[in-house]
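Below, chain A partners chain B and then partners chain C, in two separate complexes.
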Partner chain A sequence: MAEATATRIPENLTAGGRRKRVRVNGSAVVMTAYLVFLMLPIYWLLNMSLKTNTEILSTFSLWPQNPTLANYATILTDPSWYMGYVNSLIYVGLNTVISVTVALPAAYAFSRYSFLGDKHLFFWLLTNRMAPPAVFALPFFQLYSSVGLFDTHIAVALAHCLFNVPLAVWILEGFMRGVPREIDETAYIDGYSFPRFFVKIFMPLIASGIGVAAFFCFMFSWVELLLSRTLTSVEAKPIAATMTRTVSASGLDWGVLAAAGVLTIVPGALVIWFVRNYIAKGFALGRV
Partner chain B sequence: MEKTPNQKAWLLVLPVLVLVCFSAIIPLMTVVNYAFQDSFGNNQFFWAGLMWFEDLLASDRMWNALGRQVVFTGIILAIQVPLGVFVALHMPKKGPWVSVCLVLMALPLLIPWNVVGTIWQIFGRVDIGLLGYTFDKLGIPYNYTQDFFSAWATLIVMDVWHWTSLVALLAYAGLKSIPDAYYQAARIDQASRWKVFRYIELPKMAGVLTIAILLRFMDSFKIYTEPFVVTGGGPGNATTFLSIDLVKMALGQFDLGPAGAFSLMYFLVILAVSWVFYTVMVNLEKRES
Partner chain C sequence: MTLVLDGVAKTVRGAVHIHPTELTLEKGTMNVLLGPTLSGKTSLMRLMAGLDQPTEGRVLWEGRDVTGVPVQERQVAMVYQQFINYPTLTVYENIASPLRLQRRPADEIDRRVRETAELMKLAPMLDRRPLELSGGQQQRCALARALVKDAGLVLLDEPLANLDYKLREELRVEIPRIFRESGAIFVYATTEPEEALLLGGNTAALSEGRVAQFGPTAEVYRRPVDATTARVFSDPPMNFLPISKTGHRLMFGDGQSAQATGHLAELSDGRYVAGFRPNHLEAERHVEDAMHFTATLSVTEITGSETFLHLDHHGERWVGLIHGVHDLTQGAEIDVWLDPAHVYVFGEDGRLAAAAAYADAA
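Take a look at the complex of A and B:
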């Protein structure tokens, strides 16, 4: 880190040579402390997931004395555990596809055209991102029960559209604003129809935006618990709900719980590297 | 960018509109329905007018939950915004460490919220958690399931752990957009570190910070999963925030009328505050372009 910060110092503002040194170390210390603070609880979860339950309860150690993968084996061989992951991945995948597909044309409309009520509509979409899931839990439960969708993957996928569709529209609009209009006009002059232009020319131009929108839809659907738990019982029960039910059971196996937690972090941790330069843009709904 | 007026653009927005109507308007109307009616079972409903709202405004339960919520949101905003800006100012701007910092900082943001709860539930336990164990050995009384102060401290530290990176990442994105020329000018003027922050960095971050505060406000105001997993709203009702109370009322006791009225007022509060932030945000964007 000292190296990295040292390179930026010349164009920075501190005057004297001695003060420079102090600042370099200062930044490195602050960042190290902050990252340690972030990583410590995650490390502890990982540490516990590699211990047996007896070791967790009998001895206190900073790292596993006899590292074991038994907890992971339990999860990956027991259908009541691993089906939780499968269910979660199914509805998250469905939701991502639905959200991004409907958001693409809408975001294009918002970024290119002005039409009656566009600004109000845009804000109204945001209000759905703000809506507390707790408000919607009961009505969703009754709505999906009455149309026979309770405990299906599609029910959760549709429910998560509540906050993911607005999110996708806002993020995509942010990316589309950056594409010059001349491209659209040239394509129309060249005789492209709107759908052909959109798929062949426009979508490749905002490919990174689509990736970012998909990533954030995936993530917000993946981390949500309240709605997915309310709308499912057995068939589509997500991993998050499986975990909370274990928590409330007596005689709880901390090792397995920790391993299940570690496995839920893996999908996000795998993808984050590819979108690292867009994290701020995605979280800020494309406004950065 | 100038936009062309085109009413046909509505057709492009239509799919979103239909989908969001299905997932937002219908449920919201159900809530409205409950809020103004009373039921004695058997699906028979009677017009109740403003009864539930009057009850609600007179009930200590709602005001207490709202009070706890406001205090919680206030505390975490007061910690996360300055801390996030502070961290962003110390992030490396070039080199291989940038990516490492970005990825590690983003990691807590991607953890499912119930796992965030589980992590801190384990971390704070006196028998098996690093934090709880350390406090225990140091002789500091700490027990987040029994003790009011411990429970609050745990939830606040957990939220700071979970979301400060969001503020930091946004502030960092704002900082990166400042051209070097600004800093050079400041150096020629021999501006102090504080002056550079106050007159160059802070104004440039105003836009992203507004978004950061908006997001942190609305997400912390609807927090449910993390405290539900860690404390379950306890000890007693010490950490029963609005969402936890609402879910208890609606799905636990099935008090549809009061829950409906509660939901509407809850939603309106969030909406009103968010609208203020949104207006500020749009104005800032206009000023910049």
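Take a look at the complex of A and C:
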């Protein structure tokens, strides 16, 4: 009798232990499945970019049978390809600089002063993001054509400001609100003029906010296709537009297109790496 | 060097923050702004500093009208209740920043920063950033920055309120000593009467945006001009009791009365309000002519060396502060005694009619 109880208890314990181990494995399986699901398209893109067109079209292989960098070589040597990246980077860079520069004083005003209609104006800024870009494609195209800005980098950069300035203002305002007003006053009492205080004391304080705002401007401008394609033809043609115009007489150039896709992911991934610690606060528009 | 507030008033969107105020602060003095929260201490300081512009009146600095002069061009320094430093700069650069803006030579900046840091016991932390310091050290850094620039007017807005008890006591002793040598005008805002008395100098008692009384701290304490000031300048607040005067006697109700001596005798007959400080209530008959009251004990708080008694005397809430630990049951009737010499008499409008006899003697 005593032995029976003695043996039963450990059995119960092992049963519990086993159940627990199964659960741990279960969550690992789900996680792995999810990651595979997420990474598969990216892997497949990478996979394709390292194959020849013949291999892509003829066989199904999980990894390149004859790995080749020819596709990348094509892109990096052909101006009609690599200029797409250069154009994109120019207008994205221009846009990021303009958006953040314009948004900094605006966000400061919203965070520090109260003026007639400030709350309405602040909310109205955000409503600018609620219209799809397609709505603005036509007016921008006509406007820029008539003033001779069509097919220039600055045209695309300015068009993207319509979406990015409000976003940057919202993000920066959130970060600025976290800085006590007394710091501003202490600086004035110490003898700082406003511009000097803003650059020397205030901007370093919200450096992470500026980084996040710049990242979001970069990201939206980088992935935006419709406006950038509408407002350009040759001189300032973005990479995304180049990629959609590769159907030639000999059909699609699958390998080169895949390589272009891989190269398009790289800048975004690089920028994300730099602001990875502040991204969550940025998504909450600085209001965490 | 003097700072004169000439009829200065501040109204924000129809709400009066500061009523027209006349105040003259002299060079080398410690001036305490004493008042409860929202009494206008910070508003008044901001007007003195030039951070806010008065809606009426003028601010005169050494006889010159500086009302519209931006804060950068005034000789002021300010320390806030929150620990305000530049988080991205090191402690050294924090202290040096006012000097750098004055374009002082590099060796002078270095010398003065190190001297001040030594004085504020910050010397080992000069290379750290303010947020890596403890609260007390952060406030020392802010004080050092105010001290280093040799400002003519130093405003300290409840600088010790956010510090823990020990640090507060330590800095409270140091601040007057450190600043006395600089010869500037000091303005120190606080809610605590104890702090005002420790700092000495002059006290301006504020209530609801008005300077009720301004004068030497001890004088304001001994002879508060009205019941509000007396209440503010007493911790726990002063107790009040309606009384009446007939002939040569002050009637305290309950059959208790006191001889109207000294200038109490000059008061006309009628109704008054008596005020006395909690520490003047005693648990035994301590003087021959002490008045006896019976009150219901609602709460006791024992701090160790002292016991606070919260009393209910015919609907009036009194607080008594007696020495030692007393084991008293709540809800019990207890006997307390009050020396008539400790009684202030206020008119029914709250103005002081007669100060307590002991205050006149001092």
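Quick note on the criterion: the second predicted complex is superposed on the first by the 251 of 288 C-alpha atoms of A that agree within 3 Å, B and C clash if a C-alpha of one lies under 4 Å from a C-alpha of the other, contacts with A are read in each partner's own complex, and residues count from 1 in each chain.
By definition in this document, contacts are C-beta pairs under 8 Å (C-beta built on N, C-alpha and C of every residue); 3 or more make two chains touch, one makes a residue touch a chain.
As the structure is a prediction and not an experimental result, all values here were calculated from the model.
**Student:** Are chain B and chain C a fit on chain A, or do they clash, once the structures share the same frame?
**Tutor:** Partners fit side by side after overlay.
**Student:** Looking only at contacts as defined up top, I'd like to know whether chain B or chain C touches more of chain A.
**Tutor:** Ranking chain B and chain C by residues of chain A touched puts B first.
**Student:** Which partner does A:I183 contact after superposing on A: first (chain B), second (chain C), both, neither?
**Tutor:** A:I183 sits against chain C, while chain B stays out of touch.
**Student:** Is A:S193 touching anything from chain B or chain C once the two structures are fitted on A? First, second, both or neither.
**Tutor:** Touch partner of A:S193: chain C, not chain B.
**Student:** Once chain A of both complexes is superposed, is A:V30 in touch with chain B (first), chain C (second), both, or neither?
**Tutor:** First partner only.
**Student:** Touching A:A109 in the superposition: chain B (first), chain C (second), both, neither?
**Tutor:** In the superposition, A:A109 touches chain B alone.
**Student:** Looking at the overlay, what does A:W63 touch: chain B (first), chain C (second), both, or neither?
**Tutor:** It touches nothing on chain B or chain C.
**Student:** Could you state the shortest Cα distance, in Å, between chain B and chain C after the structures are superposed?
**Tutor:** The answer is 9 Å, the least C-alpha separation in the overlay.
**Student:** Find the residues of chain A that appear in the contact set with chain B and again in the contact set with chain C.
**Tutor:** none
**Student:** In their complex, what parts of chain A are in touch with chain B?
**Tutor:** Against chain B, chain A makes touches at 1, 3-5, 7-8, 11-15, 26-27, 30-31, 34-35, 37-42, 44-45, 48, 56-57, 60, 62, 98, 101-103, 105-106, 108-110, 112-116, 118, 121, 123, 125-143, 158-159, 161-162, 165-166, 169, 177, 181, 219, 222-226, 230, 239-240, 243-244, 247, 254, 257-258, 261, 264-265, 268-269, 272-273, 276-277, 279-281, 283-285, 287-288.
**Student:** Can you check the complex and tell me which residues of chain C touch chain A?
**Tutor:** Against chain A, the touching part of chain C is residues 49, 51, 70-72, 76-78, 80, 82, 84, 86-89, 97-98, 101-102, 142, 145, 149.
**Student:** Where on chain B is chain A touching in the complex?
**Tutor:** Counting only chain B, the residues touching chain A are 1, 3-10, 12-13, 15-17, 19-20, 22-24, 26-28, 30-31, 86-87, 90-99, 101-115, 118-123, 127-131, 133, 161, 165-166, 169-170, 172-174, 180, 183-184, 186-187, 190-191, 193, 196, 207-208, 211-212, 215, 218, 221-222, 224-225, 229, 242-244, 246-247, 250-251, 256, 259, 263, 266-267, 270-271, 274-275, 278, 281, 285.
**Student:** Can you list the residues on chain A that touch chain C in the complex?
**Tutor:** 180, 182-183, 185-193, 201, 204-205, 207
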